[in-house]
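Look at the two complexes coming up: chain A is in both, with chain B in one and chain C in the other.
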Partner chain A sequence: MRQKSWSVSHLPVIKPLGIASLVFLYLPLFTVLIFSFNKSEDATTWGGFSTRWYSTILENTDLIRSAKVSLSIAIPCALIAALIATGLAVGMGRATGKVQNFLRALVNAPLVLPEIVTSVGTLALFSLVGVPLRYSSLLFAHVVMCVPFAFLPIRSRLRDFDENIFEAARDLGASSTRVMMKITVPLLVPALLSSGLLSFIISMDDFLTSLFVSGPETTTLPIYIFGLLKLGASPEVNVIAALLLIIPTLGLLVGITWTATRRRSNEARNK
Partner chain B sequence: MKLRPITQREPGIYGPGSVALPAYVTGILLVGLPLIVVIVFSFLQRGEFGSGVIHKFTLDAYRTVFFETDLMGNQSLNFSFLKIIFRSIMLAFTVTVICLIVGIPTAIWIALQKKSTQRILIALVTIPFWVNVLARTYAWMLLLADGGLFNQIGAPVLLYTSWATFIGLTYAFLPFMVLPIYASAEKLDKSILEAAFDLGASGWRVLIRIVIPMIRFGIFAGIAIVFIPALGAYVQPSLLGGNKSMLIGSLINDQFGESRNWPVGSALAVLLLLMTALILLATRRRKLEFAS
Partner chain C sequence: MEQEQGWADLQINALSKSFRDPKGAQVHALDGVSLSIPAGEFIVLLGPSGCGKTTLLRSIAGFEKIDSGHINLGGNRIDLLPPHKRPVNTVFQSYALFPHMSVAQNIAFGLENEKIDKNEVKARVGQVLELVKLTELADRKPSQMSGGQQQRAALARALAKKPKVLLLDEPLAALDLKLRKSMQFELKRIHRATGTTFVFVTHDQNEAMALGDRIAVFNQGKLQQVGTPFEIYTAPASEFVANFIGESTLLQGKISGQIFEGDGLRITNLNQDINANASAKLIVRPEAFTLMQGQTSCGKVEIKEVIFAGDSLEALLVTQSGHEVKVKTGASLLSQLNVGQSVELFVDVNQIGQIA
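Entry: the complex of A and B
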């Protein structure tokens, strides 16, 4: 009988489809990236290398204004969402009561509900109660959407800890507030950063909720860009799309490298 | 000072329970309440100037979705809305199936690599998910347009057809399928596959009889998180699909915008909500059956 060490290639179709899906995921992204350096006036015909379209978008005041609106929402949104999510994870602890489970499911519902339903609902509620569609209403709509995402890294970090640390502190007489301030929050700092970053990206990217809940003064970047895309491909949009691709990717790479080095130094310390 | 038994588990081990209050309040006021308002609005009358509602109970909205009344007052099934709903379900179904066919092998392939390679490949699958959905959709506009790159090498122009919507949605949701399946495939014990292979099982047999049953939870999770957003998608259909093939997401948007019939829009949202609940129940029930 033939003796051969086992490998992935013994399973059929696994490897070619795996590689194909990576190509499928990256082909469009690289196309946008390459065509953002296109010299031609025609968005889809290659006319040589140039960075001319990058300089034109700096003069696009509408674009810059909408980017500022998006930032002015995404930054406070990230802070508030991370705080609320931390409160939920810390305050709920490992409680499994029916009421708590229901409330947790409610807070996390935006994760599974189609966004169009939640955004239409928010619009309907705001109009019923008479909340004007301004900055603060849009900010809160974004916060609600981001909290379930912000909750994920915090909960998974809390689960990694030895429960005995907290129990020991309580048994030695620390109040629950003291446990939170002296133990829980300091341990959660890295998770807080990733949950804030997650919320920031989600808020910056959000289109549908902003479409329904924003008023005339709160045209966010995605709403402005959607309007441009409705008109079809253009060299200017190539550049905008390329920037939307480069900026979060760089952020993500920095984040991944940072956690990898942290993990390595932690492993080294534990040895 | 009160001493407490060490085994006692209570909500407050990480801090006071009251710090969860802001989350509960936002959950109730801004997630629960909007859903209730949508359900209530779907049973109300259309506002006089289109926008908003009149607070009077009626089933008109649902009647408009399912039936149409002709000039003689006869009611018949309203196929224009039903067709849109049916089309949305079929499209979401096809997208989910294709994501399964591509996503399952991809996830298994990644899970069977070295640990360091796995991390890189998972990062590669995750990155497109973090790129703005408008940028990702635009990339397909470039590729599929008349005179676009695929057209330049002889492919037919697919932009502004259902095909483009289908490609755009599959592209957007493939990472959603790969990640949960990877999470369960990662725990696969390779020695079991090796043993089956040594005992003479063919590759297909190992895949279908061993690997796929072992990663079924990931597959169910993937189905739910691809099908649900695909069903209510708005961005890809409206940018890639053109006007001829409307989907439920655009229809809801229309009712709250141009057509100005909030009760009908709410009724459609309620239908979407019901379908979502069905999918969640179906994928959860399965999980329990297998677990027991």
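Entry: the complex of A and C
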């Protein structure tokens, strides 16, 4: 029998380590799902099955308000960030060599910067200039934070294109606006979707930046949840977490099923 | 499809373009290139990669900014116009079809950029699809077609605009040999049917010979020679052209009184158009030499290698001074030739060319 070459994956600890990581990754998720149906007043001790906390959170106006704030930030943030990222990616494609590398580094740098640095910086800048901490300032901070992330899928999609496609469009008599509307944007749709979705999730999930630059009127969901925990773990926290887990998962499943069906019917039509 | 727009000659005047390579050295992609292309001609720009042929094509299309010189089409200067305002269209090597549009939509895209009536667009799309024999695949997406079909679609898309000049950038390079051959015939047919000027870039000398009314040979940004395939082949203007197109043997020596002596050979009775020169260079094609009696004798040579090519024999010979000579001769000699044997070499003096 041929001897297999040695690799790290042959170490005896790898398999149990892998299993343990998966368990630790998903165990909290299951815990929060199960405890969202907890009857007990205490979030961490099991007191039997109940859906009572699901109905109480619907009556919790503070919670609903903070969820609305989060959505009203995350949705426009996703749109604006995707738009700016598209502009950056398309524009950067026109730059050459060192200029392009420098610009790309400039856009990507915030990805590896500690968020606390940008948050403190943004707050300092806002107070220096005298910007009040309102909805618009929070939205601005979120957009700034999301652009580097939104940039990634668009840039990589643009790079996959045959550069000649854009030259061909120009060659066939299209003005730059028409090239943008008829060629670039339609080809970018999948990347725009993932870029917007990514920004949406990052904005919805953000704690640090929101904590620094949100005012009393703009308490986002993560900040509200954190506030609940400070008063002692309420079972409502489990329900909110469970909903935040269930809703996107369902959305994702619907999305996948929809694209799969569409692809299958496309293939069937072409046969 | 008949030519509706006026005939337009393409004039390229002292075009120069240089850029810096990654190491910072100045590269002359085009070095004072002048070329006159009459309307309706099929001209092939031929040369090794990096010779400037593609830069010239892209300059005509408007994708490259030229440093100096100008380009006129039918008397109008076009080199200052942006690509979308020039009455020329390009077939790209990568085809560059729009992946999110069907073939028909790809073709219609160019027409919709002009303010053309919808029915007219439809009619023209149908016309060009028929011209390139793709009518049945009009609703296919590019990804659902073979390379050859995509090639035809790209051709149709460019032709639908009725360009005064069609620019083709190595359009057959990605196809396999058999398909390439049949596309060559197709291109000839389409060229005749449309009457459009074709400017075709290739590095393949056989393709250039097969397609071009004329061939323009480029090297290192300079135009080396322009002529019909016959002129280029039989009377190459330089050693580069002689070696790039077909095979040849270069003989260096002295010519006086219509007699050449050099590289271990002596050729008498040279044609009158060969000039006396103390350091002359002669170009001889393999088929101008023969090992069969009858022509002018050149002297004794030794056989180094013999290759049977079906319809002919290709032999590599060495003269007494050690110079290598390539010969294409009748296949019937196969049994009489052995490696190492000494034989007499003959040449057809009418097929000897001289270069400066």
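The rule is short, and it goes like this: the second predicted complex is superposed on the first by the 219 of 271 C-alpha atoms of A that agree within 3 Å, B and C clash if a C-alpha of one lies under 4 Å from a C-alpha of the other, contacts with A are read in each partner's own complex, and residues count from 1 in each chain.
Here is the rule we use: a residue touches a chain if its C-beta (ideal position, glycine included) is under 8 Å from a C-beta of that chain, and two chains touch if they have at least 3 such contacts.
This structure is a prediction, so every number in the text was calculated from the model and none was measured.
S.K.: In this superposition, which partner touches a larger number of chain A residues, chain B or chain C?
M.R.: With both complexes superposed on chain A, more residues of chain A are touched by B.
S.K.: Mind working out whether A:75 is in touch with chain B, chain C, both or neither, as first, second, both or neither?
M.R.: neither
S.K.: In the superposed arrangement, does A:193 touch chain B (first), chain C (second), both or neither?
M.R.: Neither: A:193 stays clear of chain B and chain C.
S.K.: Pick one for A:64: touches chain B only (first), chain C only (second), both, or neither.
M.R.: neither
S.K.: So, does A:147 touch the first partner chain B, the second partner chain C, both, or neither?
M.R.: A:147 sits against chain B, while chain C stays out of touch.
S.K.: Is A:170 touching the first partner chain B, the second partner chain C, both, or neither of them?
M.R.: A:170 sits against chain B and chain C alike.
S.K.: Going by the contact rule set out at the top, does A:131 touch chain B (first), chain C (second), both, or neither?
M.R.: Touch status of A:131: no partner.
S.K.: Using the superposition on A, tell me which residues of chain A are in contact with chain B and, in the other complex, with chain C.
M.R.: On chain A, the overlap between the chain B and chain C contacts is residues 167, 170-171, 173.
S.K.: Residues of chain B touching chain A in their complex?
M.R.: Going through chain B, the ones touching chain A are 1, 3-4, 6, 9-24, 26-28, 30-35, 37-38, 41, 51-52, 101-103, 105-106, 108-110, 112-113, 119, 121, 123-128, 130-143, 145, 147-149, 152, 171, 174-175, 178, 190, 193-194, 197-198, 203-204, 206-207, 211, 224-225, 228-229, 231-232, 234-235, 238-239, 249, 252-253, 256, 262, 265-266, 269, 272-273, 276, 280.
S.K.: Which residues of chain A touch chain C once you look at their complex with the stated criterion?
M.R.: Chain A reaches chain C through residues 162, 164-165, 167-175, 178, 182-183, 186-187, 270.
S.K.: Along chain A, where are the residues that touch chain B in the complex?
M.R.: Chain A reaches chain B through residues 6, 8, 10-15, 17-22, 24-29, 31-32, 35, 42-45, 83-95, 100, 103, 106-107, 109-110, 112-118, 120-125, 127-128, 140-141, 143-144, 147, 158, 163, 166-167, 170-171, 173, 176-177, 179-181, 184-185, 201, 204-205, 207-208, 211-212, 222, 225-226, 229-230, 232-233, 237-238, 240-242, 244-245, 248-249, 252, 256, 260.
S.K.: Touching residues of chain C toward chain A in the complex: what are they?
M.R.: Touch list, chain C to chain A: 61-63, 82-85, 89-90, 92-94, 96-100, 109-110, 113-114, 140, 144, 157-158, 161.
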